[in-house]
Amino acid sequence: MDETETLFSTPEMARVFSAENHLRQMLAFEAALARAEARAGVLPPEAAEAIVAACAPERYDVAALYREAARAGTLAIPLVRALTAQAGEAGDYVHWGATSQDAEDTAVVLQVREGLALLDAGLLAVGATCAALAERHRDTLMSGRTLLQQALPITFGLKAARWLGLVTRQARRLRRVADEVLVVQFGGAAGTLAALGAHGLAVSTLLAQELGLAEPDLPWHAERDRIGALAGALGVVAGAMAKIAQDLVLLGQSEVGEVAPGAGSGKGGSSAMPQKRNPVDATFALASARLALGQVPVLLGALAQEHERAAGGWQAEWDTLPRLFRTTAGAVARVHAALAELEVDAGRMAANLAEPHGLAMAEALTMALAPRLGRPAAYRLAQAACERAVVDGIDLREAALADPGIRAALPEDAVARIFDPHHYLGSSDTLIDRALAGFRALSTSP
Amino acid sequence: MDETETLFSTPEMARVFSAENHLRQMLAFEAALARAEARAGVLPPEAAEAIVAACAPERYDVAALYREAARAGTLAIPLVRALTAQAGEAGDYVHWGATSQDAEDTAVVLQVREGLALLDAGLLAVGATCAALAERHRDTLMSGRTLLQQALPITFGLKAARWLGLVTRQARRLRRVADEVLVVQFGGAAGTLAALGAHGLAVSTLLAQELGLAEPDLPWHAERDRIGALAGALGVVAGAMAKIAQDLVLLGQSEVGEVAPGAGSGKGGSSAMPQKRNPVDATFALASARLALGQVPVLLGALAQEHERAAGGWQAEWDTLPRLFRTTAGAVARVHAALAELEVDAGRMAANLAEPHGLAMAEALTMALAPRLGRPAAYRLAQAACERAVVDGIDLREAALADPGIRAALPEDAVARIFDPHHYLGSSDTLIDRALAGFRALSTSP
Amino acid sequence: MDETETLFSTPEMARVFSAENHLRQMLAFEAALARAEARAGVLPPEAAEAIVAACAPERYDVAALYREAARAGTLAIPLVRALTAQAGEAGDYVHWGATSQDAEDTAVVLQVREGLALLDAGLLAVGATCAALAERHRDTLMSGRTLLQQALPITFGLKAARWLGLVTRQARRLRRVADEVLVVQFGGAAGTLAALGAHGLAVSTLLAQELGLAEPDLPWHAERDRIGALAGALGVVAGAMAKIAQDLVLLGQSEVGEVAPGAGSGKGGSSAMPQKRNPVDATFALASARLALGQVPVLLGALAQEHERAAGGWQAEWDTLPRLFRTTAGAVARVHAALAELEVDAGRMAANLAEPHGLAMAEALTMALAPRLGRPAAYRLAQAACERAVVDGIDLREAALADPGIRAALPEDAVARIFDPHHYLGSSDTLIDRALAGFRALSTSP
Amino acid sequence: MDETETLFSTPEMARVFSAENHLRQMLAFEAALARAEARAGVLPPEAAEAIVAACAPERYDVAALYREAARAGTLAIPLVRALTAQAGEAGDYVHWGATSQDAEDTAVVLQVREGLALLDAGLLAVGATCAALAERHRDTLMSGRTLLQQALPITFGLKAARWLGLVTRQARRLRRVADEVLVVQFGGAAGTLAALGAHGLAVSTLLAQELGLAEPDLPWHAERDRIGALAGALGVVAGAMAKIAQDLVLLGQSEVGEVAPGAGSGKGGSSAMPQKRNPVDATFALASARLALGQVPVLLGALAQEHERAAGGWQAEWDTLPRLFRTTAGAVARVHAALAELEVDAGRMAANLAEPHGLAMAEALTMALAPRLGRPAAYRLAQAACERAVVDGIDLREAALADPGIRAALPEDAVARIFDPHHYLGSSDTLIDRALAGFRALSTSP
């Protein structure tokens, strides 16, 4: 990973999806294969032991192997050669019955397992922050906004609860995808396991056991739907992070000012403007999500792999799935950082809700009038009051009180109640509870 | 749908994702809302009845409503106006407590339900054709090919079984996505259900019941992960269809000639070349899949929707999800057509496997030598025999018999057996059985 | 085009990229081919005349031809058959020496010519509106904003000038692309023009003349770089429109309020909220741009077309390039509508610039101090003053006047001047002039 | 760049688009700015000299600066701080009047200049190889193939000439894009150059001179159309490389065998199959092109940048444009490697053209009959002969000679001539000449 990419990733995920770890997991495959074949009676046990010993990653030169891979076409070819040399006499049994892609793909699956665990932890951390905000700001009034226009009162707790629901669903979806995708690849050169004669599927089962993976219905060298499904799910996670980050950037605009990045962070200055406190984490979350989303179509577009192993489509996965994981992790981490240090300005939220002209209470007025007048007539009266408020520069409440039609339909004390946004929050409280309960169920299940 | 798009879709899916059906489903939402609110005691029952009656689709002018929608910003606005007019006195209660997006999104979900049912049926049809091919050609030898080079013998039955496994997994995945995505949208203007006071969630539950949908944890106006997950899953289906179609195009090349489009189809002539029988269905499957895949990033890229309702991202879904369904359906239908009429030339498959020089048996030779010589030495001997076969223009079998090192390791009768591809099919048979069983389990479950 | 797509397109562009017009332009190709071949002595002149007469579009049934095309694989096959029937005895000479793709591709190029002319006109209209805004608001102060934070004073005229520069560059780029892409396709079935013997290139030249197109270096049936370049350029236009629309949506937020959609438009109400005036045109511009951008990777991804004519990649263009044109046109038209009716609130711009705490003048303060103190020391002093302003709830100007370090470096009358944003506009005026001059040069050249 | 990416790039381009070189070019910007400002009388000349001296890249710790950048939000902030420290007293004048994005963007433009030069050289090298193939194989007969079906005879020289035309157009297009994109970025914090008072544009002009870049009409901090146009052009280059690589993979299939990767390369073995010689370079060209194409929508999707500097869209460019250049370069280099070592089997080309049944001459037969019978009747006769050839397992020539209708229309000696593919190459020779001339014109112009 180039330094530039570090801005959009995390060190942990970069390690999981590094060339070094890919090599390490390929060696884990070769070691597990030897063990499984010894258990199946295909290899002498002592050969398996020697191979396992030779699979120590520190014996191999990653950069040199990749240079050879560029000519050979896969990393497996030089690696198998090097491992054979390392294994001494047991070299006769290295990679027995397997093909390059068996090793490459299974190694990727092992990396995916590590990567999904990191994302799960990351999403749980984001969720915990959202949950805390939802509880703390259950009653903090603010504007709901549609098409970036003030709409109705909501609470910041409800907004955080919707983020929370979103995050909870992502973690759940990734767990389901893990069930689908954490399978061994083992088919031999053309998917028949012919090189193992009658032992093929027995070895396949034992190999999966050794690695703690499931066994798939069939080898999947050129049927990459699991990779595609994984890509789609990660893309949705990245998009979900972008949704939260986008909200934070918008809420933190100078003219909105409802949230701000943590002051203590020392983040977000400007080389020219001394007053600046830019939303650095949210900005990089957005950028990371864009990078992540860019990888998804590469993986989906590569699904049409030719015959029993592709020329181009498979190889394109090698540097795309890692980048997708790395940048998705970057988005998750940056959203977490933004939320964890978030300063919430409840006063500004209340003030914005009251401006301009308290128009955000227009639907409340409509619905107060509707039972008496029907919704269409109520809507028209409320709309006229809104226009008057704007033209006269007064509050919608005053405009309503000055309107004879409205006054005829509503007693004055009802008006006071209508215009108190605390009374127009509908089911917000229950919805917050639902989001909290959903997250709790997730975070207490394995 | 323009005529051009008909080339890449099916009439059935075009109907489901037409403007007409969207309007019809929005009316279904409004009718169900009225019924649910009457059941909840929010509306007078007779008002609900009148609204339900007014929701007859034939009363509305689709084109005119869309023209108004282009100014209003949503179809719901002119539709609610028109429905209010149609409902007479009950117009006072139309769309009570709902927002435009509640109606739009729920209508889309109802269309998605129809669309997923069509895709399920389409995939089952493709699967049935694959299953038949897998059984019929269980023993039909052909070349397995990696990087478009002959690799090892497989059977056409195994190839069809791998397509079958792929198709089975797609149908299963779509069913899981259906569980996730078939939820009602109901939150009112800012997701609080405030306009319904204390009745919001009761109405939400009844509304979901009326429509046969599930109730989500929270309204999801600007949290579009379900749409994103759906898009990803459909993209994988399209990619899976492209995989099969790509294989068919490659197998049907003039120089390969192992399959051909059905002769009776009258398809695939040329305006210039009288000898042509182009793989029209496979070609359009590939093109349809490309169109489908192009929609996925639009939907994923639109996930970052602002605040409580987006300006741009949501609207972009309106014509993208329909196109994704239509073109995915086109890909499925075209693959089915291609497979259903497929002519399989087993003789050509056998002949290709024998050419050039029977090199596809090189791994078999290696693995026959390996137990005696170790894999590396066996590989080198087999490689030398391959080179000799090419240089001398002889069959690998002959080259092997002429090699003293090989002869020393293998008795002559063993060689005969080694070079019979029927003896080098490994676990093919069991893998075919697994694919058939998986499909059977799918097609007999609801 | 389905009604849904009408929300994201224009009727004019929809006509240009309709199935009807595609057929019409294919007939234009066949007519021009007959004329060119008659001029080259390949066809009898009277046969050419009869063919030209038979090319009247109203004689053909678009829907029926597309139904046949779905089986045949191209529209050209049924069309040539129908045209042959229409041409009577001259039918013997129809489509002489051409291949389906010659007719299909040249028809698309003719549609592209019409489409680019519409886009040019559309961009000129957008440019004229930007130019008017740039002139009218040359001195209208507002906040420049970076990362959505207030940064420095600019003028709304400068913002409009930057939009104008962007639009001017798009129109120029499209004109350059037109030079590249408006070429005839004519190569016969495999690009050799073999069916015309020695006359191939002479016919090619005359055909290009007849159609007013340029002649390419070589036929380009499977080398689609021109289509790719066109797609890229249209994508940039769509992205440029999104940039302007995004700015408009942000400037029109309730809390910013610097622009508003025209009041007279009757656009942008809400089905639930009577106070709403949503930015409908800008919103649909953003959505249209998303749809357009989604088509670009489909076209770029289809560049790898096989051999002399592709199976899948070419066909995918047929419904993608039209959609790209239609939705790009939608984005341009919606941006124009948004700008043409735009209400600009100069008072609100000035008020926002002064808030919060006049911090937008912090760089001005820095640069006033820098010549005396060096930039780093000046930056630190200004930063401290900003912090004081926020903490004490005073204006930066007051905070500066209260700072002994600043007072020592700057005389009091200098401070007054520093904090007048009119004096901190740098080269804005000249930049506006440049943008206006660039647009004038464009709009007066053909 | 991770080792994995080395498989899809070149070391030269990796160096140009490395974090190190980005830093180096940012320092080049700061040095040039100091020089320009000294020339404009804004800075003391000795300060400029000191700053220039401090801009030696080896003084800076790239990794440390990137770590700070992750918090600060741009690399410019820690770099300006470090440079200020390095410059001693002249630190007072570092980065005078500039903003972070001025330095970042101009550095990228300088990298782009280097990157485009590498791509130009790479494309010229590919072109030279294509030109040599076009000349050498001007008369090497082979099948033209449409929809992967044999169509007509062409020559391998013509195929190479079409690749050559494609490559020539790419190099030309990149040169045009260079004219557009190689412009300085200089606008100060909000694009007004206010910090430089009246000197802004004079400094801008001198800065551009110092760096050998053009001056743009306006600063372009949030108007990224040039980046978008560059992305589009690079995407087309990548797609063009994929087209050539795809053809090579298809021509090299076991059953086609018309080309093969160079034997001496030691490339493309298999870990399981000793006979394998996989098309490694073409495969990695295809994969690299997929990675490159994946970056384009990220850059186009980022065009909608907010106000005067974006939060997310701009930052997403930082690691996307570099990857686009790196992987495009990988595709170009791999295509060059594949072509430079290509083994062409003219005998196999001729043999494939004759098979199956010599049907590739069917259009020749049609066009020989057409002048006498009209095209439709000729087409039907030829089609019938094709069918007979297939059914009877004879050559089309024999089938034609056996057909009384054909015999009546054509004398026997004409038939001999018709079925000699050398006589059915149309304008191939002239088209080859055109492609060669076009490339010569390109490669001799600067």
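We just call them A, B, C and D in the order they show up, numbering each chain from 1.
Following the convention adopted for this analysis, contacts are C-beta pairs under 8 Å (C-beta built on N, C-alpha and C of every residue); 3 or more make two chains touch, one makes a residue touch a chain.
A quick note: this is a predicted structure, and the numbers were derived from the prediction, not measured.
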Worksheet item: In this assembly, which chains make contact with subunit C and also with subunit D?
Response: A, B
Worksheet entry | Selected pair, greater C-beta contact count between B-C and B-D | B-C
Fill in: Separation of mean Cα positions, subunit C and subunit B [Å, integer]
33
Discussion item. Where in subunit B do residues touch at least two different other chains?
Written reply: 73, 95, 145-148, 151-152, 188-189, 195, 242, 245-246, 249-250, 268, 270, 272-273, 278-279, 283, 286, 289, 293, 297, 301-302, 311, 363, 366
Item to complete: Going by the contact rule at the top, pick out the subunit B residues touching subunit A in the complex.
Response: 73, 84, 91-97, 144-148, 151-154, 158-159, 161-163, 165-166, 168-170, 173, 176, 180, 188-197, 200-201, 217-226, 228-229, 231-233, 235-236, 238-240, 242-243, 245-247, 250, 286, 289, 293, 296-297, 300-311, 363-364, 366-367, 370, 373-377, 424-428, 430-431, 434-435, 438
Item to complete: Within their complex, state which residues of subunit D touch subunit B.
Response: 143, 145-152, 249-250, 252-257, 268, 270, 272-279, 283, 297, 301, 352, 355-356, 359-360, 362-363, 365-366, 379-380, 382-383, 386, 396
Discussion item. Under the stated contact criterion, what part of subunit D meets subunit A in this complex?
Written reply: 1-8, 18-19, 22, 62-63, 66-67, 69-74, 76-77, 80, 95, 98-100, 103, 188-189, 195, 242, 245, 249, 265-273, 278-280, 282-287, 289-291, 293-295, 297-298, 301-302, 311-313, 315-316, 318-320, 322
